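Chains: A, B, C, D, E, F, G and H, in written order; residue numbering restarts at 1 for each.
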Amino acid sequence: MNRVSIIMGSVSDLETVGEAINILKEFKIPFEAKVLSAHRTPKELIKYIEQAPKKGTKVFIAAAGMSAALAGVVAAHTILPVIGIPMETKSLKGLDSLLSTVQMPAGIPVASMSIGKAGARNAGIFAAEILGISDKKIGGKLLAYKKVMRIKIKNTKIKL
Amino acid sequence: MNRVSIIMGSVSDLETVGEAINILKEFKIPFEAKVLSAHRTPKELIKYIEQAPKKGTKVFIAAAGMSAALAGVVAAHTILPVIGIPMETKSLKGLDSLLSTVQMPAGIPVASMSIGKAGARNAGIFAAEILGISDKKIGGKLLAYKKVMRIKIKNTKIKL
Amino acid sequence: MNRVSIIMGSVSDLETVGEAINILKEFKIPFEAKVLSAHRTPKELIKYIEQAPKKGTKVFIAAAGMSAALAGVVAAHTILPVIGIPMETKSLKGLDSLLSTVQMPAGIPVASMSIGKAGARNAGIFAAEILGISDKKIGGKLLAYKKVMRIKIKNTKIKL
Amino acid sequence: MNRVSIIMGSVSDLETVGEAINILKEFKIPFEAKVLSAHRTPKELIKYIEQAPKKGTKVFIAAAGMSAALAGVVAAHTILPVIGIPMETKSLKGLDSLLSTVQMPAGIPVASMSIGKAGARNAGIFAAEILGISDKKIGGKLLAYKKVMRIKIKNTKIKL
Amino acid sequence: MNRVSIIMGSVSDLETVGEAINILKEFKIPFEAKVLSAHRTPKELIKYIEQAPKKGTKVFIAAAGMSAALAGVVAAHTILPVIGIPMETKSLKGLDSLLSTVQMPAGIPVASMSIGKAGARNAGIFAAEILGISDKKIGGKLLAYKKVMRIKIKNTKIKL
Amino acid sequence: MNRVSIIMGSVSDLETVGEAINILKEFKIPFEAKVLSAHRTPKELIKYIEQAPKKGTKVFIAAAGMSAALAGVVAAHTILPVIGIPMETKSLKGLDSLLSTVQMPAGIPVASMSIGKAGARNAGIFAAEILGISDKKIGGKLLAYKKVMRIKIKNTKIKL
Amino acid sequence: MNRVSIIMGSVSDLETVGEAINILKEFKIPFEAKVLSAHRTPKELIKYIEQAPKKGTKVFIAAAGMSAALAGVVAAHTILPVIGIPMETKSLKGLDSLLSTVQMPAGIPVASMSIGKAGARNAGIFAAEILGISDKKIGGKLLAYKKVMRIKIKNTKIKL
Amino acid sequence: MNRVSIIMGSVSDLETVGEAINILKEFKIPFEAKVLSAHRTPKELIKYIEQAPKKGTKVFIAAAGMSAALAGVVAAHTILPVIGIPMETKSLKGLDSLLSTVQMPAGIPVASMSIGKAGARNAGIFAAEILGISDKKIGGKLLAYKKVMRIKIKNTKIKL
């Protein structure tokens, strides 16, 4: 059974979204990844959002750029938590994606991560944190992941 | 028969959108105005967009603020021209609405006007310009409207 | 037992954070609200974060303004999901709070909501969405909340 | 007979504007493309705008960068719809072009597209949408274009 | 004979432009002030720019807001120096006016002052500086003006 | 005799400032170019500003980046017109230089050009426009320069 | 003997700078406060900076708005630490002051505080921190000040 | 004995921070450089901050990017002066780091330098300026450093 549904607005987002996918794989969290656009395949998107819970989805991750309506549209059709990844863009460097993703009006929340790859990795971790509330195995992996980060930094030697 | 469909994301947008409405009234262009939200009434919105052409709609005007997905979602469901009005917002003063409205990805255009009331008035005029291409009466009213603006400025006396 | 821990950087944030509190009350989700600052009470903050899970906390909400380190610092000390509310600020209108809250480096996610009161209300709803994954009662309330929003908009009549 | 007049402020804009041209060619919409500057050839520009309707022009597309006065100046001299393409710029990445293009004062609308190539492609599509209101052939092509986009996304397979 | 021509895009700009006017009056520099818009009275504007030198104009001051094309359009039709005053605006606080005024493409310079009243006062002084190059009386007044500013500051007593 | 004094904050600005120099050479306007910094050689800078008029300087051009105090400091020590060129910068792309150059407080004007090379070229032209008021030869060259720009654009053929 | 020299660009900055003054008074650190402008009284400013060390000054605090050259100019004439307070401004809300203050080129540091009153208060505290390195009494007061802030927050009761 | 403690959020910051290190080496100021993160090693960071004074630290330098909480967290745990270096970032070019570093709330100052390498170099110099108050040798080196900068500029010859 699926637990996380990742939706990206364009196949070109995959390189960035790969950071989220790697985390889910590392944490052995089953997921599904789809290219679906709020603007180009609005009906397929809605259909997908509505069926996802039946396939086990507990959390959505939505990645889109520019006028990034995707995460908000997903949130409009579900009561599951939606995590948004604002894609870096060519001209405005992701400021457009960020404001479109994060500035949701009252009533329909989207949980925005940071712009680009850092945000994508964090989307994977945040999905794990949500699932980890009731799944001790994931909780354990999160603790281990934090520990590895900590040890890596502690062992860093600077050559001056 | 309706010719313009105005959609606003919240009833609080009406004061701003009133500028567009006044223009359409002044130009005697039949229109319909609805409150419908891309985030709070997504299905009613899609239904409305799909039925509007049957009631005569040739042009959509969509006004929304913050993560302003409305105009883009309208554009996703129609091949009619969609004019977007980015609403002024409390914290970011409409920069969020503007970028969400104007920065549409390739394939699904939205015609963004300026932020707030000036943009709303221009949305009404731009709808008239589109309809005026094949409707000489509207064309005549646009010419008259421009002339009045011109004369008003020409007759302005500055007291120094 | 507590389920959500709300931390705000200053008592002056309470008016904004009240929007989150109202949602949690409305949804009958037990919570605790504390004033604790990443900069002024760093040790009390860490102590609070570490003890919160023992009192039942499953989700943190952190509200702070300007150089808003609070949500990130909470996230540094927990593997529970942390929701950030960027406070509107006097000079930069919350752009500083937003970037400080949302632009978390890879590894330590914070789920940023929109700036100010809309973001605070959404923080409450998003916390409910997370808890609603495994709590059907909350899920039911979320569905009802969405329905009320939808009906309110559908019943809006515009006087032209 | 011409139906769309494309004006660009500099020959260096052609690479970007080419996206609009490709759409018009694909849709078999007759057009004319000219280099004319609001700042460097103001009189030739005005003359061109005024004569264009006689040659069949129904819609203007204007592309310019930096202090992008072009679209606004075109709009000042016509009652036909004017679509603006804000060019990406070297230092401010098109934010200057965008604000100059979109922030038109009340009375003289310009329909701004997004910055750069995406905006140029959308300018072509938006011109087609305007003409498609009264030209069923173009309407059919727009439907087909949307369908192709939709199918392309639906057929996208992600390799994980 | 006139020496400075002040053009403002709207009569509502007069309160701000008054700062420039006061300087010119104080320095006894003859000037003319007109409301003329690049967008609403483009032909009257061009006519005015072309005739101004015959009435003695040596320097233009142009004040406009939002997509502030005015100063650039003046510069397009003259080889006299053009000083631009970006007006403060309701939503973007003058950032739109500033970028539209200052970001002129190579070949057609506009001398941008700061946003709003400070910029308007400086426009008056800068016009005086230009005229002061060959007019010793104005030069003397500029020296006196600077001296008064200096003395005012030197005599400021702070009560602690 | 010198007529324009060009000051740049760092020798690395020379590539950009070269655009202004080329214009002055082309217009045969005698000038002097110096590297002097408001922050690193404040006293040499003041000395240079004060002596420049004796060597014939009628106009200053000041180019600086980041916290670009140079043009403002020049303006503080002279009643001659000061033209500022905001340099493009590595991180903020010249937005810092632009705001530091253009946002002068009331009383001490700086005439800001656009960011980078376009602004540098315009600084040269604007200096010529100031000098051209009383020097018919320069006026003639400005007319010729404008004409060449116009003809170049008029002769541009677009290959579609 | 003086230990801190506070310079503000305009007497209107006093209300903001008062926050720094209150801290210095509270910590019993002798200081002097002067109105001196980098643009309007450049020579008096330099003279003051050069004489201040003789009167005991160990730290400068400089407050200015818009194109805020003041702190940088102070830093150019001293090897003592210079703390900058970017003033909130009418149009750009202090973003101009902030970038002018903080974006100093390599070689001449300015220590920028936050915009407006919070920054002014912090300027006072930071000056105390510098002096506290070698003055145990000030160090003790800083510890006490931090403690009071901590206790105030700890004692805050939230009424829900 | 150590006098300056440099903390960077990630080993990838070392290239930038190297500019500060070079200054401290050049000025023969003993220092220690550590990689420690406010988000990934919060406890090790606090422990380090608290022990640093015992090893001689008088000044902290903290370099971090994105939501740059590091300098603020250091400042929360010490009464020694903390200098912040906002790192340049991939998408927002350091604007996020700058606002996170500089916009500290009242009570806990951080002295922000400019973004990136210029800021890092200035952090080293500013630390020297603080130490130079009571250490004449460092004062002498600062004077010499300023002199070298001055002479370098004075000796710059521009080839035209």
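The rule we apply is simple: a residue touches a chain if its C-beta (ideal position, glycine included) is under 8 Å from a C-beta of that chain, and two chains touch if they have at least 3 such contacts.
These figures come from a predicted structure and were not determined experimentally.
Note on E-G: across the candidates D-E, C-H or A-H, the interface recurring with over half of the contact pairs conserved by residue number is A-H. Centre-to-centre separation of subunit A and subunit C, using mean CA positions: 19 Å. Each chain gets one centre point, the mean of its Cα atoms, and the points for subunit A and subunit B are 33 Å apart. Centre-to-centre spacing of subunit C and subunit G amounts to 34 Å, using the average Cα coordinate of each chain.
Within subunit D, residues 10, 37, 40, 66-67, 92-93, 95, 102-105, 107-108, 110, 114-115, 118, 146, 149 each touch two or more of the remaining chains. Looking at which chains touch one another, you get A-B, A-C, A-D, A-H, B-C, B-D, B-E, C-G, C-H, D-E, D-F, E-F, E-G, F-G, F-H, G-H.
Listed in rising order, the residues of subunit C touching subunit A in the complex are 19, 58-59, 79-81, 83, 98, 102-115, 117-118, 121-123, 125-126, 129-130, 132-134, 139, 142-143, 145-146, 149. Taken in their complex, subunit A has these residues touching subunit B: 9-10, 37-40, 42, 46, 65-69, 72-73, 75-77, 89, 92, 95-96, 99-105, 107-108, 110. Looking at the complex, you find that subunit G touches subunit E at residues 10-11, 14, 21, 25, 33-37, 40-41, 44, 66-67, 90-93. Listing the residues of subunit F that touch subunit D in their complex gives 88, 93-95, 114-116, 118, 146, 149-150, 153-154, 156, 158, 160.
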